[in-house]
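Single-structure report; data block below.
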Amino acid sequence: MVTSSSLVYLIGLPLFGAVFLLLIGRKADKWGHLLATAMSAGSFVLGLLHFFAMTNRSTEDRAITQTLFTWIEVGTFKVDAALLLDQLSICFVLLISGVGTLIHIYSISYMSHDENRRRFFAYLNLFIAAMLLLVLGNSYLNLYVGWEGVGLASYLLIGFWNKKPAYATASKKAFVMNRIGDMGLSFAIMIAFATMGTVSFEGVKESVDRVGTPALTAMGIMLLIAAAGKSAQFPLQAWLGDAMAGPTPVSALIHAATMVTAGVYLIVRSNFVFDAAPTAQLLVVIVGAITLIFGAIIGMAKDDIKKALAASTMSQIGYMIVGAGLGPAGYAFAIMHLLAHGFFKAGMFLGAGSVMHGMNDEVNMRKYGGLRKAMPITFITFGLGYLAIIGVPPFAGFYSKDEIIATAFNSGGAQGIILGSITLLGAVITAFYMTRVMVLTFTSKARWDAGVHPHESPALMWLPMAILAIGSVTAGYLFTQGEALVHWLSPLFAKKEEYEELLPHSVVSILAISAVIIGVSIALAKYQFRPVAAIAPTDVSFATRLARNDLGQDVVNEAIFMRPGQGLTQGLVVMDEKVIDGAVRGIGAMAVGSGATLRRTQSGYVRSYAALILVGALVLLAGIWVVTQ
Amino acid sequence: MDPYNYLYLAALLFTIGAVGVVVRRNAIVVFMCIELMLNAGNLTLVTFSRINGNLNGQVVAFFTMVVAACEVVVGLAIIVAIYRSRRSASIDDASLLKR
Amino acid sequence: MTLTIIMMLPLLGAALIALIPSAQERLVKQVALATTLVVAAATLFKAMSFDVDNTELQFRQSYSWIPSFGINWGLGVDGIALVLILMSVILAPLVILGGWNESEGGRWGVKTFYILILVLETMVIGVFAATDLFLFYVFFEAMLIPIYFLLGGYGSGERAAAAVKFLLYSLFGGLLMLASIIGLFVISGQNGGVTFDITELSELHTLMSSTTQNILFLGFFIAFAIKAPLWPFHTWLPDAAKSGSAGTSILLLGILDKVGTYGMIRFCLSIFPDASKTFTPVIIVLSLISILYGAFLAIGAKDIKRLIAYTSISHFGFITLGIFAMTTQSQSGATLYMFNHGFSTAALFFVAGWMIIRRGSSTISDFGGLQRVTPIMAWSFFIAGLSGLALPGLSSFVSEFLVLVGTYTRYPVAAIIATFGIVLAALYILIPVQRALHGETTPGNENLKDLNLREKITIAPVIAIIVFLGFYPSPLLKIINPAAAHIVQQQGYSDPAPTMNGGK
Amino acid sequence: MGTFTSPILNYAMLAPILVVLAGAVVGVLIEAFAPRKSRASSQLALSVFTLVIALAALVRTRGTYSSKAAMNSVTFDGAGYLLQMAILIIAIIAILLLADSDKFAAAPTAAPGSDEEREAQAANIRITEVYPLTLFAIAGMLLFTVASDLITLFVALEVLSLPLYLMAGLARRRRLASQEAALKYFLLGAFASAFFLFGVAYLYGYSNSITFSGIAAAITGGTANDVFLLVGISFVSVGLLFKVSAVPFHSWSPDVYQGSPTAVTAFMAAATKVAAFGAMLRIFYVAFAGDVWQWRPMLTAIALITMVFGSLVAISQRDVKRMLAYSSIAHAGFLLSGVIALNKSGLDATIFYLFAYGVATVGAFAIVSLINDSSGEVTDLNRWAGLGKRSPWIAIAFSFLLLAFAGIPLTSGFVGKFSIFSAAYESGNTAILITGVLSSAIAAFFYIRVVVLMFFKDPVEDGTSVVIPSIYTRITILVSLAITLILGVFPAPVLDYISQTAFFLR
C-alpha cells in the first residue's frame, strides 16, 4: 500500500492550533481566531491535494498510509500509531475540514462579542484534529483516541457557556452517555483482539472469514452501541437535544455535520464485520428505523428552533444508519446522505444561528415569523437547505434519501416492505416538521417581542451559509452523476448481491415525492394559513405533550438509571461508613472492652489473688492429669 | 503402718493452709497458714525420704526450716511496718493498688 | 554508583538538614529539594545502564547481614521494580516543591518534616529494591514510622486519629505477613538451609503442602491488600488522605500504596504460584468490587481529598485485576498503571491541595466557577481529572486498556464488569469538575489567586509526563515487558491465542 | 554410718556468685559502721565494683563447663554462663538507678506521716540498705540460673525473693502503696513458694533423687509412680510461673510494679525475669524434657492466655507503670513459647529475648522515673500528654523503647520476636505463632496510644516536668537505648555467640 509522510499534517495543523492557543493564553486574543481558521483551512487544502492525488491513482492503490511510531506493544498486542487515507476517509476529511473551515469563518463574527473567543477557536481546532484522527486512524484503537477526543471537544464546546449550570450539566450528560457508547467500542476492540489477535482494520478484515459468527455478532452489536452513543441513536439519543446548549456554530459543526455522523462512519468502516454478522446488521437497521421515526416525531413538537433541528438531525442520521444497515447495497448511500446532510444541516444550523443573532438570541420559533423580509439571505440559504432535507428534486437530499428508501424497499421480503414504509413515513414527517420550521420562522406573520429589530447578519456569517447552500443544491447531483460516489467507494465494500427489485426506482421516487407533498401541505395548512399562537398552547393532545418532552426519554433514563444509581451511591456511602468501617472500629472497641472487663479481675485484694493462684494451680494439675490419661 | 498415710496427712495440712490463706483476713494468720503449707511440704519430704530410704528428703527439710525462718523475719518486718502505718493487720485494708 | 549508595543519598541529605539551625527554614527546604533532585538524577543515570532484554534481577548487591538467619542486605531490580523506583524518585522532588509551605502548619517545624520525607525516600527505594524478603519486611514496617508522623504531624483535621488508624491497619497486616515470613523461614530451614533470597524462596513452593502454601499466601496477601488497598481493607485510606497534607497524601497513595501491589507481584506470585492460582477467582472478585465500589463512593464523596482516595481504590482494583489476570498485556498494564497512577494522583492532589489552601476548605461544594477565577489551576485540575478517567491520549488510558484487554483474553466476564468502571469514572471526575470549576463563582472564591510560578513549575512536568506517556509509552513498556512476561511464564501461564480457527 | 567427706568446690566457677555475696556482706558492714554521710557514695561504688568484678570473674570461666563445681548441685554450662552474664549486665545498668536515692524512704520502718519520718526526711537521711539487698538478690538470681538440684533451686529462689519483698516497700513517696506492694508481694510469693516446695517434695518422691539429672533419669526410666511426677511438675511450675508472672499467677505484678520504687521495679522487672526464665529453661529442658508430651499442652495454653490477657488488659491502663507491668505479662507469654519449644533454637531465642527485653525494660522504667511533679513521679498517662513538645528527646527515647516492645523492625524486640516465634513454629506449634502475632497486634495498639499521647496531644499545664537526669540515670538510659538499637540493626554477633555457646549440661 502506498505510504505517505504528509498525512500527519492533516491532524497536526489544527492540533497545533489548539495547543498553541490554549497555552499562549490571552496574548493571542487579538488574532487567535485567525490562526485557528488558517489551521483548519490548511488541512482542508491539504485534504484537497490528497484527494486529487488519489483520483489520479488507479483504483487499487488509492489508499495510502503513514506509520508514525509503535504506540503500544505488549506481547502479541501491537498497535502502531498509523494513519490510513482511503476513499472513505477522504470524504470525511474533506467534509470535516471543509465545513469546519466555513464554520470557523462564521464563528469569527458570531463569537466576536465573546471574551473567550480565542478559547472557543482553540476548542474548534481541537475538535477538527480529533475528528480527523477519528477518520484517519488505521485501527480501532487509533480511532478510539479520536473517538474520545471529539467527545472531549464536544464536552468543552457544549459547556462553553458553563456559567449556566444547565449548560454545564448538558455537557456532562453528553460526555457520560458517550462514554457508554465508548464502552461498547472498548468491548468491540477486546473481542477483536481476543478472537483475531489484531485491532487494525485490515487485520480484522482479513481475519473475519476465520471467525465464528457469534463473536462477530457480539462485536457488531458492540460497534452498534458505540455508534448509537456518538450518533445519538436510540437508546442513547437523549443527550443530543441538551447539547444544543452549545454555541450555534458548535451545533452546526459537531452536532449536525460531523461528530454525530461518526457512528455511521464506524459502521460503514466495519462493513466487513457486519456483512458477516446478519443479526448485528438487522439490529443496526432496527435502531436506525426507530430513531428515524423517534427524532421525526420529536421534531414535530419542538418550538425551540435548534432543538427542532437537533431532532431532525437525529432522524436523518437514522436514515444513514438504516442505509448502513442494509449492507453493501446501502453503505454508499448512507455516506452520500451523510455528506449531503453535512451541507444542508450545517447550513440550516448556521441559518438558525443567524436568525438568533438577529432576534437577540431568541430560540422560540413562536416568537419569530415573517423574517423573510428582514433577513433575505438567511431565508434563501435556509430555504435551499430546507428543500434539500425534505428531498425535493434536484436538491441533494432527494437523491440520497431516495436511494435509501429504494434500497430499503428492495432489501427483500417483509423487512423490505416494513423498512420501506417506515422510511417513507419518515419522509412525510420530515417534510412536515421542516415546513413547520420554515413557516414559523420566515413566512408566517411576525410575532416578535417588543424591542426586537431583526436584521441580516454580516457577510462573514452569511458567506459560509451561502457556500453550504450551494453545496446542498449541487451535492446530490454530483454524487449521483454516473453513480460517482458509489463507484468511488465500491472498492472498500463487498460486491452487492443482485436482487430483484420490489419496486422500480421510478415508483419509489414518485412515492417519495408524494410523501413530501403530503407532509408539506399538512404543515402549510396547519401553520401558514392559520394564525400561530405566540405562546405554545397548553391544551394539546397527550401525544403532543409527550413529543414536547422528547417522548419521555429523560424520564425513562432518570427512572431506570439515575435515581437507582444515586440510591446505590448513597447506600454504599452509608455502608462504607457504618458497616465496613463500623466492623473495623467494632473490633477495636471489642479489644478495649474485653480489656476493661478483664481488668476487673485485679480487685486489689491479696486473698482474691491467692485464690486465683490456688485455682490456677488446681487447673494446671487437673489439666496435666487429663493430658496424661 | 503405711507411710502413705503421712502423704495424705501432709496433703490435708497443705490444703488447710492453702484454704486458710484464701479465707483469713489477718495478715499474721495468713502467714501462719503459709508456714503450715511449708511444713506440709516438709512432712512430705520426710515421708518420701522414708519411703525411698535415703536421706536427701530430710536434708531438704532442714534447709526448708531455715528458709522458713528467714521468711518469718522478712515477713514480720513487713507486716509490722504496715501495721504501724495502718493500725490494722487486716490484709483487705491494703487494697490501694488495683485494676 | 550502586543501589545502596543511591539509597543512602537521602539519608545523607537528612543528616545535612539535621545540622542546619532550625531558623534557616529556606535553606532546609533548598537542601531537601537539592537532595531529592540529586537522587532522581542518580537513579535516572543508573537506569540508563539497565539491560531491558535481561529478565534477571539487575544491579544486584548482596552482603551478609544476619547470617544465622540467612538474612542478606540484598538489593537488585527488574523492570517492574525499576519503574516504580523511578516513579518514586521523580515524584519526591515534586512533592517537596509543590508542598513548599506544607511544613509550616506542622507540629514540629520544618526540619523534622523534610528529614521524615528523606528518610521515607530511602526506605521506599529500599522496599522496591530489596531482593531479600526479610530486608523487604524491615523496610515495609519501618516505612510506617515516618509516614505516620508525617500524617499525624503535618496534616489537618482529625490527623492524629487518621494516622493511628493507618498505622494500626498497616501493623496488623504487617504482623500477619510476619507470621507467614516466619513460616517460610522455618520451612526453608527444614529444606536445606535458611534463606530469605526471593529467587531461592521461589523454588520452595514445590516442597510445601498446598494448605501450608495457602495459609502463608494469605498472610502476605492480606498485608498487601491492606496496603494497596483492596476492598474491604480500604477504610483507612480516605481518612488518611483527607487529613494528610497534599504532599503526604501523594507519598501515601502515589508511592507507598504501590508497595502493596508490587508485593503481590514480587512475593505472592513468585513464592506461592499454586496458592495464587487457587485464590485468583476470589482476588479477581475483590478487585472488581474495588473498581465499582471505589467509583461509586467517589461519586458520592463530598470532600475532594476523600474523592481522590476513593478513585485510587477503584484504580488499585484495576491494578490487582491486571496482576492476577496473568496475561502479558494485563501484567505490563498493571505495572504501567502503577506508574501512571502515581502521576495522575499526584496531579490531582497537588491541585486539590492548592485549591484547599486558597479556599481554606476541602468541601467540593465550597468551590465553584474556578475556571473563570483561576483558569490555570482549573485547567490543571481538569487535565489531572481527565487522566484520572483514562482519556485516550493520556498515559492512564494505555495502562487501563492494557489491563482490560489483557484480562478479557482470559477472563472476559471480569473484563466486561471492570469496563463499566470507565463510565463511572466519567461521572466521578466530571461531577467535581462541574461543581468546582463550572457554574457561578460561589461567594468567597471571587479573588482566589491563580497558580504562582512555583506551583506551575511543579505541575508542568507531571502533566507533561502524563501526556507524553499517553502518546508514547514505549520507553516504559520496553523496560516493563520482559519482566512482566517473565513473571507470567514463571507462573506457568501463556497468553491465550486468538480464538479464530487457524489463529495466528 | 559412712564417713563425712568434705565437698570439693570449684571456687573459680562459683566466683561470680561468691563475689556478689561478699559484696553484699561488705555492704551490710558499711551500713553498720560507715558514717551516714559517706554511705550513699561508698555503697554505690561498692556495688558497681562488685558487679564488675563478678562479671570479670564470670568471663574468666568462659568455655569451662562442669556440673561438678559444687557436687552436682550447680551446673555451669553455656546457657548458665549466658544467663548469668545477662543478669550481671542488666544489674549493672539497673543499679545505677538506685543512685537517685531520694526515691527511697528516709526511714522505712517509720509510720508514714509520723514525726519520726518527718525528722528523718528533715535530716535528709537516705537509707542505703537497698544496695546490699540488691546484691543479695542478684546473688540469688545468679545461683537460680545454674542450680541443678532442688535444694539449691529452692534456696536460690528464696535468696532472690526475700530482698525484693523488702525493696518493694522502700518508696519515699506514696508510702502506703509501697508497703502494700511489699505485703502483697511477700504473702503471694511465700504462698507460691509453698506450692513450689510441695512440688519439690513430690518430685523427690517420684524420682528418689533431688538432682535434675536424677529426675530426668527417672522419667526416662518411667517405672515410678506418674501421679507423683505430675503433682511435682505442676506445683513446681506454679512456683516458677508465679515468678515470671504468667496468667493466672500474674496478679501480683501490676500492683507490685506500681507500688515499688521505680528503680526497684526496673531491676525487678528485668533481672527477675531473666533469672526465673533461666531456671525454668534449665528445669524443663534438663529435668522434664522426657515428659514433654504431658506438660506441653497445659503450658501452651498458659502461654497463649498470658499473651492475650496481658495485651488486652494493658490497653485499658491509665498508669504507665501498670501498663508496663501488663506488657511484661504479655512478654512472659512470648518467652514461655520459647520454653515450650524445647529445641535448640528455642533456647537461643529465649536467651536473646530475655537479654533484649530486660535491657529495654530497665531503660523504659529509667525514663519513667524522670517524669515528675512536686509530689514525686507522675505515672498517670494522661499527664504525659504533650511530652513530645516539652522534652522531645525523652519522648523519642521512650517511643523507641515502646517500639522495641512492640517488635518493630530495627529494634532488638523485633529480632527477639522473630527468633522466638520461629522457634515455636519450628517445634510445630502453629497456635503460638498465630496467637503471638495477633496479640502483638493488640499490643501495638496501646504502645502507640502512648506515642500518640506524647506527640499528638497538647501538654496540660499541671506542673508535670522532666527532671534533669543524673549522670547515672543518663548512662542507664543511653546504654539501654544503644543496646536495643544495636541488637536491632546488627544482631548477628550476639545471635551467633548465643547459638554457639548456649547448651545445657545434662
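Things worth noting here:
Letters A, B, C and D mark the chains as written, and numbering starts fresh at 1 in each.
One rule holds for everything that comes next: a residue touches a chain if its C-beta (ideal position, glycine included) is under 8 Å from a C-beta of that chain, and two chains touch if they have at least 3 such contacts.
In this text, all values refer to a predicted model and were calculated from it rather than measured experimentally.
Should one ask which of C-D and A-C has more C-beta pairs in contact, the pair is A-C.
Note: centroid distance chain B to chain C, computed from Cα atoms, is 66 Å. Centre-to-centre, using mean CA coordinates, chain C is 45 Å away from chain D.
Computed from the mean C-alpha positions, the centre of chain A lies at a distance of 37 Å from the centre of chain C.
The geometric centre of chain B is 25 Å away from that of chain D, both derived from CA atoms.
In chain D, the positions touching at least two other chains are 183-184, 187, 191, 195, 254-255, 445. Contacts with at least two other chains are made by residues 18, 21, 30, 91, 94-98 of chain B. Chain contacts: chain A has residues 588, 599, 602, 604, 606, 610 touching two or more partner chains. Chain pairs recorded as touching, per the definition above, are A-B, A-C, A-D, B-D, C-D.
Every residue of chain D that touches chain B in the complex is listed here, in rising order: 108-112, 114, 150-151, 154-155, 158, 162, 165-166, 169, 175-177, 179-184, 186-187, 190-191, 193-195, 197-198, 200-202, 204-205, 208-210, 254-255, 258-259. Taken in their complex, chain B has these residues touching chain A: 18, 21-25, 30, 91-92, 94-99. Chain contact summary for the complex, chain A toward chain C: residues 22, 69-77, 81, 141, 144-145, 147-149, 152, 155, 159, 162-165, 168-169, 172, 175-176, 179-180, 182-183, 186-187, 189-191, 193-197, 207, 210-212, 215, 568-570, 572-573, 576, 580-581, 584, 588. Interface residues of chain A facing chain B in the complex, by the touch rule stated above, are 599-600, 602-607, 610-611, 614.
Chain C contributes residues 168-169, 232, 234-235, 293, 296-297, 299-301, 327-329, 332-333, 369, 371-372, 379, 386, 391-393, 398, 401-402, 404-406, 408-409, 412, 415-416, 419-420, 422-423, 426-427, 430-431, 434, 437-440, 471-474, 477, 481, 484-485, 495-504 to its touches with chain A in the complex.
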